[in-house]
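Shared between the two complexes below is subunit A, which has subunit B as its partner in the first and subunit C in the second.
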Partner chain A sequence: MTRALRAMPTLVRIGLTEALAYRAEMLVWLLTTTMPLVMLGLWTSVADEAPFRAWATRDFVAYYLVALIVRNLTSNWVAWQMSEEIRTGAVAGRLLRPVHPFAGYLGTHLGAVPLRAVAVAPVMLVVLWSSARAVLVTDPAHLGLVALALVGAWALTFAVFLCLGALAFFLDKSLGIVDVYFGVFAIMSGYLIPLPLLPAWLRATAAWLPFRAMLGDPVAIAIGRVPDAGQAARLVAQQWAWATALLLVAAWMWRRGVRRYEAFGG
Partner chain B sequence: MIEVAGLKKHFRVHRRPPGLAAAVRSLWHRQYDTVKAVDDISFTIARGERVGFLGPNGAGKTTTMKVLSGLLHPSAGEVTVAGHRPAARSPAFLEQITLVMGQKQQLMWDLPPSETYALNRAVFGVEPAAARQTLAELTELLGLAGLTDKPTRQLSLGERMKCELAAALLHRPTTLFLDEPTIGLDVAMQVTIRDFIRDYNQRHDATVLLTSHYMDDVVALCPRVIVIDGGRLIHDGDLRALVKTMIPDKLVSFTGAVAPEEVARLGEVIKAEGGRTTVRVPEARLREVVGHLLDRAGADLAVEDPPLEDVMRKLFKDKRAGP
Partner chain C sequence: MASAAVARGRRGGRVRYYLRLAAVQLRASTVTGLQYRADFLVQGLMSLYWLGWNLLPLLVLYDERATVAGWSFGAALVVMANFVIIRGVLEGAVNPSLGALVEQIRSGAFDYTLLRPADAQFLVSTARFAPWRIVDVLGGVGLLVYAFVRLGQHPSVGQVAAGVGLLVAGLVVMYALWIMIVAMAFWVVKMDNLIYLLGSVFDAARWPASVFRGAWRVVFTFVVPLALMTTYPAQAMLGTLTGGAALACLAGALGLAAVSRLVWRLALRSYTSASS
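Then we have the complex of A and B:
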């Protein structure tokens, strides 16, 4: 652990260098996360006629632009990376280093965050100069919670993708599961439709799942849809609990997977 | 120090006959075969030894290497490397060893090797001054100057392997598992890598276990060879003794005008081209043949052991034919 912490600045720096080397790929990757803009077009045309369940046009603009920012800042490709490395046996290189492989993955993907921030900076400027600005929270308590929720969403998304990546130890075509995951995520996280606009039974289901904490909750806190700071803090606490739990699950899956790899070979 | 006692590594492999019906049946009734990749082998390698690990494809060499480096758990048997149980992959163990696989690289493809060195320095906790000193030494020995700041993808195969070795040795391991480190390299580069391995072994008293399909690597580097076939150990000992036991002949080559019928009397003609003739001579007749040739063909005469490839071929053939 101490060794991993000592190595982390170097791991993050190399992650950033790698992200810069793959800047074109990252730009293409970011372009695949523009679904909120499509949904924004759809919903604003609906809301232009009249507010939809108390959501006016500027609410939709704020929701989807902030969703785009959260999604781009918190996403990563660790599941694909792990799947490739496990499938080709390249994971052996990580197993022969005296730090937990998760530390290596963490460094790589933390290193990509600054580049992601630069890529979404124009969207942030649009948010600040558009009608969306009017609904953003401004009080320090909520701003602090937004920051915590963003970091939590990053950690939770990373943990989820570590779990999905570790599936490659057990399944030949584990990335198929990732496709299924995206379908569920799109609905249950608020990526496609704001959670308050979902049918009651879907909302109730989403409340028991981690997806909303990956996107919908941080967005809701940022655009003032959770005015009670105590309630917002509870959502952030739930989010961090999910992140911790899923990180433990990922570590357990990794341990099981490596045991299987050690038994059956790469 | 490497100690292996009764090592077995068996894999359970799913078997499915061809065809749709078999594919459907395998959904309910999966059939498995047990593949004995390594089957009860034992050996000990002392600190500082250079040992060739030989065998045909699928003999179990890479599996054994992976067990020794902690990547695979043994199915049975005891293994200790540098005083550690490899399967635990403790940091103290990983700091002592390195595994270089000629067909798999650890260098980051789109970044210069210097970034992989920085990564390894950080994760192995090598002090910056020590890393600089080691890198300077490796740069000199391997001729890395000008290579480590180019993206890995722009390096030639040989340059990549040199950089790969430097990455693998930055933490100064005392036990080197080298699995085909010269595969695909041209002869000059093979010689460079061989010289480097010998030098590293001597400077650091490092233990080296080497697999290679290039027998020249083994002849040049390994006084001792361990040979396995079908997962079982079939020879462990001095390389020269093995050659002598398996093929107690010498190859005598010479130039000069010697009548064909006279050459045929000297021994079996192996090669005759460009005015140079090579004959295989039983060791018992060597003195007589060499004396005769010195009188007839002059001083341009060489006596060599038969190629290790021939020795291996005979060894595997004999073992498969049974006692």
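Then we have the complex of A and C:
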């Protein structure tokens, strides 16, 4: 553990260098996150005619632009990376290193965060310049919770993708699962439609799943949809609990998977 | 006159040659696909799931509103059905070949494609099929039928023909854009993410084009002409499209196809193989 911590600055630096080397490719990947913008175009023209269930145009602008920021800041491609490395056997190199492989993955994807931040900065400027600015929270308690929620969303997303990546130990076509996952995530996290606008039974289901903590909750806190700071703090606490739990699940899957994998290779 | 007949015969022979070639490539993909029979079932279930997924925003929206930008629920469903059909064809017949091509260019195996006695663009476009995507297309057709039942409207034979014709034109537009991006692979090897970008922009075509305004309309008209792909065919089926607009669509599709062919030829000239 201490070894991993000592190695972390170097691992992050390597990740940053890698991200810089492939910056053009990464930028295009970030640009493929068009769904919030498409939904924004749709809902703003709906809300311009008349507010949609107490959601005015500026609420939709704030929601989808902040969702775009959160999504791009907290995303990673570790599931694809792991799946590829497990399929080709490159993962053996990671197993030889003196730190847990998760530390290596963590370094790579933490290193990409500064670049992600630069890429979403223009979106942030648009938010501050648009009508959405009026609904953003400004009091210190909420701002602090937003920061915590962003870190939590990053950790939770990372843990979820570690789980999905570790599936490659057990399934041949694990990336097909990632598609299914995205389908569930998009609805249950509020990525497609803000959670309060979903039909009641979907909303009730989403409440029990971790996905809303990855996107919908942080966005809701940031755009003032959770005015009670105590309630917002509870949401953040739930989010961190989910992140911890899923990280443990990922570690367990990894241990089981590696045992299997070694048995395979002989 | 004799030479004209020979030329005609030869051209007929060439069309038949390419049709047979396409059939062979399709059969090869189907045989490969049949090895994973469970996939058909899984894929069928997934198609249903994605169909419901696509419908969700529509249901949420029309639960509250009778019309959006002049589009009723039934009419918007027609657009959605066209979107599902076009995407089914794209993911069944066009996109799977992409992975093959990127790999070929990187490894240099594309040289062998060029050596074959058939057009390279044709070979590249038909390299791989995902036959089970037919489930999506059938789902889209089912949705289309349901939309018209809901509207209580029977499109005339002419309207259906015009709609299908424009749908094909829409596919041609998407394919032309696809080929132009793929042609970039000869200059920059990694362009698969650009294809994903095109696909993610195309996702907006599930909505009637007139719903979008401002910057969105500019992008969806000039960068990726989404209206051409789903909205105009839907209007043709609903009988609200003028003949002039329909002809303009067809002309636009043909023009874009010609441009894409030109870009492909230019790009091919700058292909220098992986080894050199």
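By our rule, the second predicted complex is superposed on the first by the 265 of 266 C-alpha atoms of A that agree within 3 Å, B and C clash if a C-alpha of one lies under 4 Å from a C-alpha of the other, contacts with A are read in each partner's own complex, and residues count from 1 in each chain.
Operating definition for what follows: contacts are C-beta pairs under 8 Å (C-beta built on N, C-alpha and C of every residue); 3 or more make two chains touch, one makes a residue touch a chain.
Note that the structure is predicted; figures quoted are calculated from it, not measured.
After alignment on the shared subunit A, the placement of subunit B and subunit C results in a side-by-side fit free of clashes.
Judged by the touch definition given at the top, the superposed model places A:207 against neither subunit B nor subunit C. Shared-chain residue A:98: touches subunit B; no touch with subunit C.
Once the two complexes are overlaid on the shared chain, A:134 sits clear of subunit B and of subunit C alike. Once chain A of one complex is fitted onto chain A of the other, the partner contacts of A:21 are limited to subunit B, with no touch recorded for subunit C.
When the two complexes are overlaid on their common chain A, residue A:248 makes contact with neither subunit B nor subunit C.
By the touch criterion defined above, A:10 lies against subunit B but remains apart from subunit C after alignment on the C-alpha atoms of chain A. When the two complexes are overlaid on their common chain A, residue A:118 makes contact with neither subunit B nor subunit C. Looking at the shared chain after the overlay, A:237 reaches neither subunit B nor subunit C. Looking at the shared chain after the overlay, A:46 reaches subunit C, while subunit B stays out of its contact range.
Nearest C-alpha atoms belonging to subunit B and subunit C sit 6 Å apart in the superposition, given in whole angstrom. Remark: subunit A residues 3-4, 6-7, 9-11, 13-14, 17-18, 21-22, 88-90, 92-93, 95-99, 103-104, 259, 261-266 touch subunit B in the complex. Those residues of subunit C lying in contact with subunit A across their complex are 42, 46, 49-50, 53, 56-57, 59-61, 63-65, 68-69, 190, 193-194, 196-197, 199-201, 203-204, 207, 211-214, 216. Taken together, the subunit A residues at the contact with subunit C in this complex read 25, 28-29, 31-35, 37-39, 41-42, 45-46, 49, 52-53, 176, 179-180, 183, 186-187, 192-193, 197-199. Every residue of subunit B that touches subunit A in the complex is listed here, in rising order: 11-12, 63, 66, 69-73, 87, 89, 91, 94-95, 97-99, 101, 104, 106, 108, 110-111, 115, 118-125, 151.
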